[in-house]
Amino acid sequence: MQDFKLKPMKCELNYLSKSDGSAILSQGDTVVLASVNGPMDIKTVNQSIEKATLEVLFCSKEGKPSVADRYKENIIRHTCETAILGCLYPRTGITLTIQELENYGGLLTCAVNCACLALINSGVGMRHAVAALSCCVDGAGELVLEPTHAQATAARARLHFVFDSREKSLVTGFTEGTFSEGTYEEALARCRAASDLVFAFYRDIVSNYCHVI
Amino acid sequence: MTEVYKHIHPSKYFNDYINQDVRPDGRDFDQQRDVIININGITSADASAIVKCGNTTVVCGIKLELARPKAEEPDIGFLISNVELLPLCSSKFRPGPPSDYAQVISNIVSDIVINSKCVDLKDLCVVTDKLAWVIYCDLVCLDYDGSIVDACIIALITSLKTLSLPTVTYDNETEEVKVDTGVKIPLQVHGLPVATSFGIYHKLPRNIILADPSAYEEEMCGGIGANLIVCWNKGLFCGIQKFGGCNLSTEDEKRTISLAKQRCKLVEQVIETCIKNGEVK
Amino acid sequence: MPLDYKRFNGPEDSVSYKRFTADYLKSYDELHSELIDETGHRKDGRAMDEARPMYVRGNFVSQAKGSSYIEMRGTKVVCSVFDPREIVHQNEFSTVGLLFCEVKFAPFACKRQRQSHVPDSEEKALSVALRKAVGPTVCCQLFANFQIDIFVYIIESDGSCLAAAITAAGLALANAAVPMFDVVTASSVAIIGDKIFIDPTEDEEHLAMISPDTNTNHGVITMARLNGLMQIADFRQIGSLDIECILKVTDILEQECQKVFPKIQKTLVGYVKNGIMEQKRLSEEGKAREAKLKDKMLEWRSSIVNNSV
Amino acid sequence: MAGILLSHTEKVYITHGVKNEYRSDGRSNIDYRPMELETDVVSHASGSARLRLANTDILVGVKTEIDVPKPDKPGLGKIEFFVDCSANATPEFEGRGGEQLANSISNIMLRAYQSAQAFNLKQLCIFEGKQCWKLYIDILILECGGNLCDAVSLAVKAALFNTRIPFVKAALMDGGNVDLQLSDDPFDSKWLDVGSAPLLVTLCRIGEKCVVDPTAEEESCSLVSLIVGVTGNPKYYNDYEDEEELPAFEAKCSVISMHGPGSVSPQNLRDAINQGIIAAVCLDEALGKTLFRERRDTEQFKRHSYGFLK
Amino acid sequence: MREVFLSNCEKNFVQKTIAEGYRLDGRNYNECRKLNIAFGSEYGSCIVSIGETKVLSQVSCEVVQPKQIRPNEGLLNINVEISPMAAPQFEANRQTDLTVYLNRLLEKCYKDSKCIDLESLCIVVEEKVWSLRVDLKILNHDGNLIECSSIATLASIAHFKRPDVTRSGESIVIHTLADMDPIPTVLYHYPVCVNFAIFKNNILISDPSYIEETVCTSTSEDGTNTGGLLVVGMNQYKEMCLLDLTGAAIYNSNIVHRAIQSAAERCKMVVDLVKKDIMTDDNLRQKRTKINFADIITTDHAQSLCAKDLCIRLKNFTINDIEMEEETDVSKSIDTDDNTALSKYDVVPSLPQTVELKAKKGASTWIDISSESDED
């Protein structure tokens, strides 16, 4: 059961006053800020008559854009697109901006979680919530759930998964390094089980705000 | 007539086929397209491969250059791979700098190559802190018909396997470099990563997994690009990426993995025979 | 130079290893003597007035409206043409359609150096030349306010790139069923002194661009020709040539363009034939299906009649 | 090119005129318009010239810089053309409007100067493989009145004729570096040898005939034009003691290029090239004599400077 | 950038209230919002907030070749980026006039004022120098961006430490932070840009909010514009290094005078705060206390989105009046709660008029309405 301990999470919603929804989330030492604007009017070329267009922008701390940032945007966009009920807002755009504040491993999982919280906060209609978890294979071949920065950098492989809140099925997955099939399945199962903790955390945060409103 | 139907009602057209348990191009759900490889067809490159997976065509050309290694890592060389999605390969792409999508594909391909550790970058260092090889792998898509990553990886690995480095002598005193193209040493390539793309089509009661989706199928499965890419390399995974599309159940996942394994063996055979034939010539 | 953030970049100071090979810098005379052997044949065994064999095919890119691939030994060119589309950012109505041409080299296309991804002046010049060459043959007045995109990609370049690009574009346009006045073909020659190299390779072109110390002729000429109308669509010369030479070469080039023409024609006619056959087959199949349906219908009707009886 | 709107009748008038060798401004088909040329107009540049051909106004400045030669051409200098289409010339050039035209002009200039028989880059070499001069030729189009290419080539040749490059002593130091010594005297410099530099002649096909030096109106009547670059005769640009001993000069084409959406018949092409060469030779003689006379006058302090920028 | 429209009634209302001596959030003319500086775990990263305006700043360095004309000087680059995060009207990856304006002012203030010893950034003359890059990300745009980003720039540069370098013959060794103590940047003086909004050509307002900035630069109903924005750059020694006016011309020289005087005070205050905060941060780091942006997250305090809109001025009420009325549904633990659980809004003296909704896990909701008189 010890494996099921996640890094301490801290979150504040509505951190930004100008955005329609925003969240700042820390998981361990990694901190991410996310803001959601929309649904709002966008250029006709980008409009889709079937659903809202989701635009994701990932800003690294040091400003210079890179190919890896585009990849992160792609992952977050795909993940959030499945979560949002885009068909409720045809011909509109939703902008999701993510700002890295501190990176001590697990940046992308933290960003996905933070994006989900910001989306919840913005009040955009959602199919389900998503929870991202990561897990790594250390030198001895042992699985470590939610590794620390040192563990993650030394690891042979890092696996990241995103689950939905309804069926706990896999929404997004991405891996680094090499690993065996058995490891993959174990990691997937373990992360899936641990995703409950993340959802519980979401519920806590949201219920806090329910009291206010 | 079918063409008109396809244009007017793309999703219904597709659904009609799927309901008959067949894909628009006549394949089964699990069936992959044929792979054709041609090596060293481009003489101006140091190594090259042209790969066709069905209609999807990717050319990989390798150019060798020499440079000073990075100060932080003085004993390793460089392997730079980029994917170009030309405007000529599909009307989805416009001229100009690489689109976001092209950058994502570049990143995926480059990640797979790095993760599989198929080239030891230390082999590329000539003299520590002074001289190292830079392998520029430019992957160019000539025809975009889905599952681009699969074709890119095959093209890249095949051309790396046929690449040999000329011998270099470096004079420490005068810092003079001499290259002898007469003697060439083949580059050591460890392992053989093979990527397999899948599309996940949302259908009740069960989602449908489409192996090696075409561009049209990718579009029906939720936009440009495959939903699931499994990369298998000599008994180990070196990358499982799933983006978007529908959610994946556990059984489906198992099936994709076994399909990926089968595909890996097949592609390996194709590459090996191709290289052997090339050597004989 | 600003760093390209949209690609993976290698180290800035990297240079091609060929710079350090023994035969990187050869003198003019050395290069000159290498081009022709004692028997008067060229390096690759061709006679002076012999063009390289040309492989031509259309329908190369499945996603394009029309496309073509041309290979002349070391020169490999792909071209694709897309449906006309509305001109973006245009305020005025234009009575004639626009052609947008882009010629690009693959990074690994040239033997000597790696081509940069950013379009250089050569690529831009080739694009302009291509537009000039195919412009006269496309019926631009038929698609006012629209533009047709023509993309040419040079996978490997071993001389006569522009000629190959123009011929490929002509074929791709016809393949895309764009209304045209005529088929355009192109050919090029390199001139070194009194020798005329037809369909030159990269080495021959390279040498033809360098002036020897003596005041002799040197240069490269590319001509695009509308073969049915006997018109010259584009004529491009570079180097230093006297007038007699140019006039002589003009005749030669006209003949060369004419030689390529039947090949393109044959390819095109082949596709049209195939298309008609396919159409026939489909309509026959359709008829067969209909007949079958009719039979079934009759059967069904009769069964109903029988039942009711 | 520059937003000229002509009615159908006007076009017919011009076309018929050309057919009868009589153009709307009274010239014949092979006549140039009068032009004004001034050199040494920009004091900061190494060489400069301003040319006004009827309404076309061009300013060219040449700047020199020390650079490293290309590895595959160690003994040659570098030359670069940059054309700026000022929005003053026509409102269409505003923003990026003139970019395409600017590119095509700089491209054709570069091609025209490529051959060593047109412009020898060896004279720009300082130390083989290590250091060379790089010429930046900035061409500013101030006003568009047709026939830009010809005007640009004339102005560039005049500016290059006017360019001095300082004498530099180069010596190889230890470690492969080159030590450069520049004379303190700014007049310790040499003229560039530009006698053979090419001039461009635009031949505009109107109807079945070709005209040189088209006006903007004539340009808009024409579907296709041919640009011929012809090397110059060094005789006119230098003070040779004995003209007889010079090698026989033969004008050569350094570049031919076609513009516009139309096509030409082979016979038309041949005639046009011939016509272009004849025109270029005449133009070159006039330019050379003028420039050379001006230089002599300047040396004898007889020069009267007039015009703008001075 | 999408266009943002301001309705006439909004415009008129703001102009009227300001003419009458009030501001929308109840501040006095020369009163500034609460300034807060939070440092991140790395050297040279901080988030500065003035009220709701928030700016993230990060300084990074790399070794580059110096410019030929200044072979012994390092380089400084300032780069401002405004993403859609700042406000919905901004578009991604698009430079707006505002970005260029901010960038230029900051360059004037920090590059042209020569406050940084660029020569100390030189490693090998003509070959290697440090290039500092300041990346500013606007997180939330609620007016007074220039002041906020200038303080962020200053704080991050002053906080930044670059790796130590040793030269051995030809080669240089760059030490990691763990290897050798990093070196702070040398600052000759600390310039700060202070921003004022001018209304009706004689009212000077410090620290304008977004709506005040928009109103003062737009034309009023009668088609005239009598307002503008005045930026004064000044260091702690009251030396001016920047003066920038946007909007209507000033025909009242007195106003510039007042602005400069007010700016001097503000600069002094800001520089002192920056210095103090860096000192505290340094002390904490010496004690190996972990400092992280996670510290700015407050969990015991939840603010609903509408809190901003509830900022109203209640001059005629005292807190006691309200408490009397609402005593029934207010939990008994108000006072104790106020003292123990300090949330960021409770300690804000400059925002006395906020009506705030506060929730604690498990506790029932309660309402706290405070007013100016209460604070007094």
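Order of writing sets the labels: A, B, C, D and E. Residues in every chain begin at 1.
Following the convention adopted for this analysis, a residue touches a chain if its C-beta (ideal position, glycine included) is under 8 Å from a C-beta of that chain, and two chains touch if they have at least 3 such contacts.
Here's who's who by UniProt: A = Exosome complex component RRP46; B = Ribosomal RNA-processing protein 43; C = Exosome complex component MTR3; D = Ribosomal RNA-processing protein 42; E = Exosome complex component RRP45.
The structure presented is a predicted model; accordingly, all values stated were derived computationally and were not measured.
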| item | value |
| --- | --- |
| Set of chains adjacent to chain A and to chain D | C |
| Chain E reached from chain D - shortest hop count over touching chains | 3 |
| Most distant chain from chain A by Cα centroid | D |
| Innermost chain by mean C-alpha position | B |
| Where chain C and chain E are represented by their mean Cα positions, the distance between them in whole Å | 59 |
| Between chain B and chain E, centroid-to-centroid distance (C-alpha), Å | 48 |
| CA centroid of chain B to CA centroid of chain D, Å | 50 |
| Centre distance in Å when chain C and chain D are each reduced to the mean of their C-alpha atoms | 32 |
| Shared interface positions of chain C, touching two or more other chains | 6-8, 15 |
| Overlap residues in chain A, where contacts from two or more other chains coincide | 65, 67, 70 |
| Every chain pair meeting the contact rule | A-B, A-C, A-E, B-C, C-D |
| Residues on chain C engaged by chain D in the complex (per definition of touch) | 15, 19, 24-25, 112, 121, 124-125, 128, 132, 135-137, 140, 209-211, 215, 217-219, 221, 226, 229-243, 246-247, 250, 254 |
| Chain C - residues contacting chain A, complex | 5-8 |
| Residues of chain C that touch chain B when the two form their complex | 4, 6-11, 13-18, 20-22, 60-64, 67, 74, 76, 78-80, 82-83, 102, 104, 106-111, 114, 117, 149, 151-153, 155-158 |
| Chain C-touching residues of chain B, taken from the complex the two chains share | 42-46, 48, 55, 57, 59, 61-70, 78, 80-82, 84, 86-91, 95, 97-98, 102-103, 106, 110, 133-134, 136, 138, 140, 142-145, 166, 168, 177-181, 215 |
| Touch list for chain A against partner chain B, complex | 67-68, 70-71, 73-75, 77-79, 81-82, 159, 164, 167, 169-181, 184, 188 |
